[in-house]
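Pasting the structures here.
Shared chain: chain A. Partners: chain B in the first complex, chain C in the second.
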Partner chain A sequence: MSDAPLLSAVGLTKNFGGFRALDDVSLDLYPGEAVGLVGPNGSGKTTFINVVSGVYTASAGTIKLRGLPIEGLPPHRRARLGLGRTFQVPKPLGNLTVLENVQVALQHSKSAKSGDADPLEFAGLAKFANRRANSLTTMEQKRLDLARVLALSPAVVLVDEFAAGLSPSELIDIASLLNELRGKGMALVVVEHLLGFLEAVVDRVLVLDAGREIFSGGLKEAFSDDKVVEVFLGQ
Partner chain B sequence: MPKLAFGGSTGQTGKWVKLGWPVIFFPVALMVAMHVYNNQLLLLDLVVYLILAQGVNIIYGFTGYLPFGYFGFFGAGAYGAALAVNYLSVDGILAVVAGGILAVVLAVILIPLLRLSGAYFGLASLAAAESVYLVVANPSLASITKGPYGVNLEAIFNPNLAYLVGVILVGISIAVVVYLRVSHFGLSLRAIKSDPVTASLAGVNVPAARSIAWLLAAALAGLAGGVFAWITSVFYPETVFSINVSVFAIVFALFGGVGSVLGPILGGTALYILYEFIGISSPQYFQLIYGGLIVFLTLFLPGGLASLVEIFRRRVPRSRAEMDVSQGLGIHAPLAVGGRSADSSDE
Partner chain C sequence: MIYAIISGLLFGLFFAFVGAGLNLLFGVLKLVNLAHGDLVVVGGYLAYEVSVKLGINPMLAVPLGVIPAFVLGVGLYYGTVPRLSRAEDTETTSLVLFFGVSMIIEALATILFGNNLVSLSPLTFGPAVQLFGQSLPSYWLVAGGITIPALVIFYLYLYRSQFGTATRAVMVNSDEAATSGINVRRISAIAFGVGTVFAVASGPLALFMLGGISPGTGIDLTLTAFTVIVIGSLGNPVGTVIGGLLYGLVLSFVQTYLSSWAAAVPYVLMLAVLLIKPSGILGKRVRNA
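Presenting the complex of A and B:
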């Protein structure tokens, strides 16, 4: 593992009026590393993804991508610098074809090279290249989200509940895809409720509750931690 | 990633040839029409509305912003031309350019409206255009704008030259739309129309791209307003700052099919021919048929006339359709593989 983190988020805080959705959360992410973001509903997992990807502006804290401060940058600048994200509910560019979905990202990528793998081939969507994106199944649209992210040649991929609603065989496929990305040196933040899926993909987890970090470490250790058990199972 | 590589200059040239023929064809047809058709006033109006319909096509067809207040740019263009003639003593062509510039200046001021979306944007743009009208028509500003008393541009009256300039602008407006169909920038705009958040996270600079589309649409409306002012010579604030201008431009664009090159031209021409046959002799039936047509299209052909081509294409044998794609006959195919567009067709 390299000494310099690809992504370094320090003291991230997000307020919505008087409500603090994210409270002083920090995370360092290294090349090839995958970190799971775990917590009950409303704990701030997706808010963290939104703040890092630029959909929301952080109320406090800093974010560095490859050492470059990005907390003041709009989402498109972060994407061009190599920060990709997928969505819990897939968000294809529905009126465009599958191919055009990927090409939109490709034309803005600052690090895509001619030798890179074809994102559509990688995501198993090459045969649908000329199909309208909103005619795909949910699973195929999730794969398209991933392909569009890959077209950016990202350093860091934020994966928001990708496994939700997938069948066991699809879960195995997706876990395999994500591990392949790690093998290419990309770092992943994986928001997920399915523990089996997390076990297959991540090295460690960050557990959030009410916007605050309550645990950081291995997945197995997390569920022997008193605070985590209390949050998930009650007293 | 060879399959995803963008087309080189040869590919782009091929797409321009494939989609660009209307840039020459329609201006030539309009010039011929002037010599074989005796109602010149109707043709002059048609030219103005074809430009406006393509302007609506750019901002609505490519980015999804429906500008009910589009007439504000048209009026600004007409008054920009009038001010340039009255205070700078310019000729007709420079007056039209001045109209375009004033409309762009107004569009720059109104860029913050693009933070809104859907009906909110439509209503805000309408309110902004009405505000401009009230300023122009204000009797207190009569020394500058002539207020409610109207503008007289008889000094530069030259309908033939004005028509020629209008026809050239029709060609330019079509060329802009062809560019949007074949370019990376146009693909970015279509991504914004589909989902601005996803587009942004795919690297599209959404505020900049939609602002450019907004300015392009405003420039076309301003230029059209300048031509209208030149052609009519005498007009009043309520003539050019009329919501009917927006309504007709939007209906023409929607009738033909937005997001395509041919749609607004087909829609504008078809509705104008209808107007010629029925509108003048029996205006009451014209309104009825017009309304019925709009309802029919909304229910059964929401993609407009241009979508008929796509429907026809789906019915041709599969092998033929695939051959078309492989030969790069995709509707806009901005990229090398010749992907078939999911939007309305141009062919």
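Presenting the complex of A and C:
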């Protein structure tokens, strides 16, 4: 593992009025590493993803991507610098073709290089290049979301509940694609409820509850941790 | 019958031209610019001034107005929309705000030009032209000669340019567009500029197609443009052309065969479209969970 983290989030806090949705959460992410973000509904997982990707502005804390402070940048500039994100419900640019969806990201990436892998080939969508994105199945739309992210040539990919609604065989395919991204040196933050899926993808997990970090470590260790057990099982 | 069809198609293209910018703005920003028709009137007064004061062809106001209109649109965007997005109810606040902009333009037009209708001679472009056995006003053909290339340029901008692809991406989903590296605010500002250019550029035609303009014409044009884009499909630029042509044809036939109903029938058509296909003719079906 390299010494310099690709993503370094320190003390991230997000307040919505008087409600603190994220409270002093920190995470360092190294090349090729995948961290699962786990917690009950409302624990702050998606808020973390939204703060890191720039959808929300952090109330406090710092975020560095490849050592560059990005907490003051809007989402599109973070994306151009190599911070990709997928959505729980795929939101492809429906009236655009599959190819245009990827081209839009390619045109705006500052990290993409000529020798990069073809995102559509990677996602197995090359044969659908000229189809409208809204004609794809849910699984194909998720693959397109990944292809779009890959076109940005990202250093870090934030994967928000990507496995929701997929069949067991589709889960295996998606896990394999995410592991391929890791193999390319990208680091992943994976928000997920499906433990089997997490086990196939991540090295360690960060468990959140009420916006706070309550555990950081291996997935198996997490479920022998008293605080985690109490949060998930209420005992 | 042939006269009604030609009239309907040419007026339809004109209405599509007027509606194109409004629909672009709605598609990108999900806001209705209630000052859109007043911007058309600004273009009309510009053409009037160019013709009366400088004695040159009023249609030169179309190219002359492009850059100032773009700057005006971009300025209007940065002066209003980013602040609007901080409001609790952006849509309602935007309606009130753009209604205010509309009133300001109307008041300024009244101060500068008075309340009366201003018009130019229908023979500005020469005598009537014989076509398909019909005697057609020459300005109709000028209108066709401007609106068709303008709508083609609009199409090329949206579907054949990098900006256009980014614009359509923002129309579909601004969050996903931003995470694809698109500067949503910049694209929105450009769309506002382009929409304003289309509004102002259609003004010189309004001077002839409507028989003249007055400060109050703006509200009527906003209403017409809104009807056209609702018929075609809100947020779908190609739908604007379909909506415009349909609106123009219906208006023309009603004026020819049932003239006393002319003011009401286009809106009855809009209501019928809304009741049968609420998303407009080219709109997607909406599924409510």
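Observations, loosely collected:
The rule is short, and it goes like this: the second predicted complex is superposed on the first by the 235 of 235 C-alpha atoms of A that agree within 3 Å, B and C clash if a C-alpha of one lies under 4 Å from a C-alpha of the other, contacts with A are read in each partner's own complex, and residues count from 1 in each chain.
Going forward, a contact is a pair of C-beta atoms (placed from the backbone, for glycine too) under 8 Å apart; a residue touches a chain by one contact, two chains touch by 3 or more.
Here the structure is a predicted model, which means the values were calculated and not measured.
Overlaying the two complexes via chain A brings chain B and chain C into a clash.
Residue contacts after overlaying the shared chain place A:D203 against neither chain B nor chain C. Of the two partner chains placed around the shared chain by superposition, chain B is the only one that A:D118 touches, whereas chain C remains out of contact. When the shared chain is aligned, no partner comes close enough to touch A:D28: not chain B, not chain C. Of the two partners, chain B and chain C, it is B that touches more residues of chain A. When both complexes are overlaid on chain A, the residue A:A126 reaches chain B alone and has no touch with chain C. When both complexes are overlaid on chain A, the residue A:V104 reaches chain B and chain C alike.
In the superposition on the C-alpha atoms of chain A, the part of chain A touched by chain B in one complex and by chain C in the other spans residues 53-55, 74-76, 79-80, 84-85, 91-96, 100-101, 103-105, 107-109, 148, 151-152. Only residues 53-55, 74-76, 79-80, 84-85, 91-97, 99-109, 112, 114-121, 126, 129-130, 132-133, 148, 151-152 of chain A touch chain B when the two sit together in their complex. Those residues of chain A that touch chain C in the shared complex are 53-55, 74-77, 79-80, 84-85, 87, 91-96, 100-101, 103-105, 107-109, 148-149, 151-152.
Contacts from chain C toward chain A in the complex involve residues 162, 165-166, 168-169, 171-173, 175-185. Of all the residues in chain B, the ones that touch chain A in their complex are 1-6, 184, 187-188, 190-191, 193-195, 197-207, 325, 334-335, 337, 339-343.
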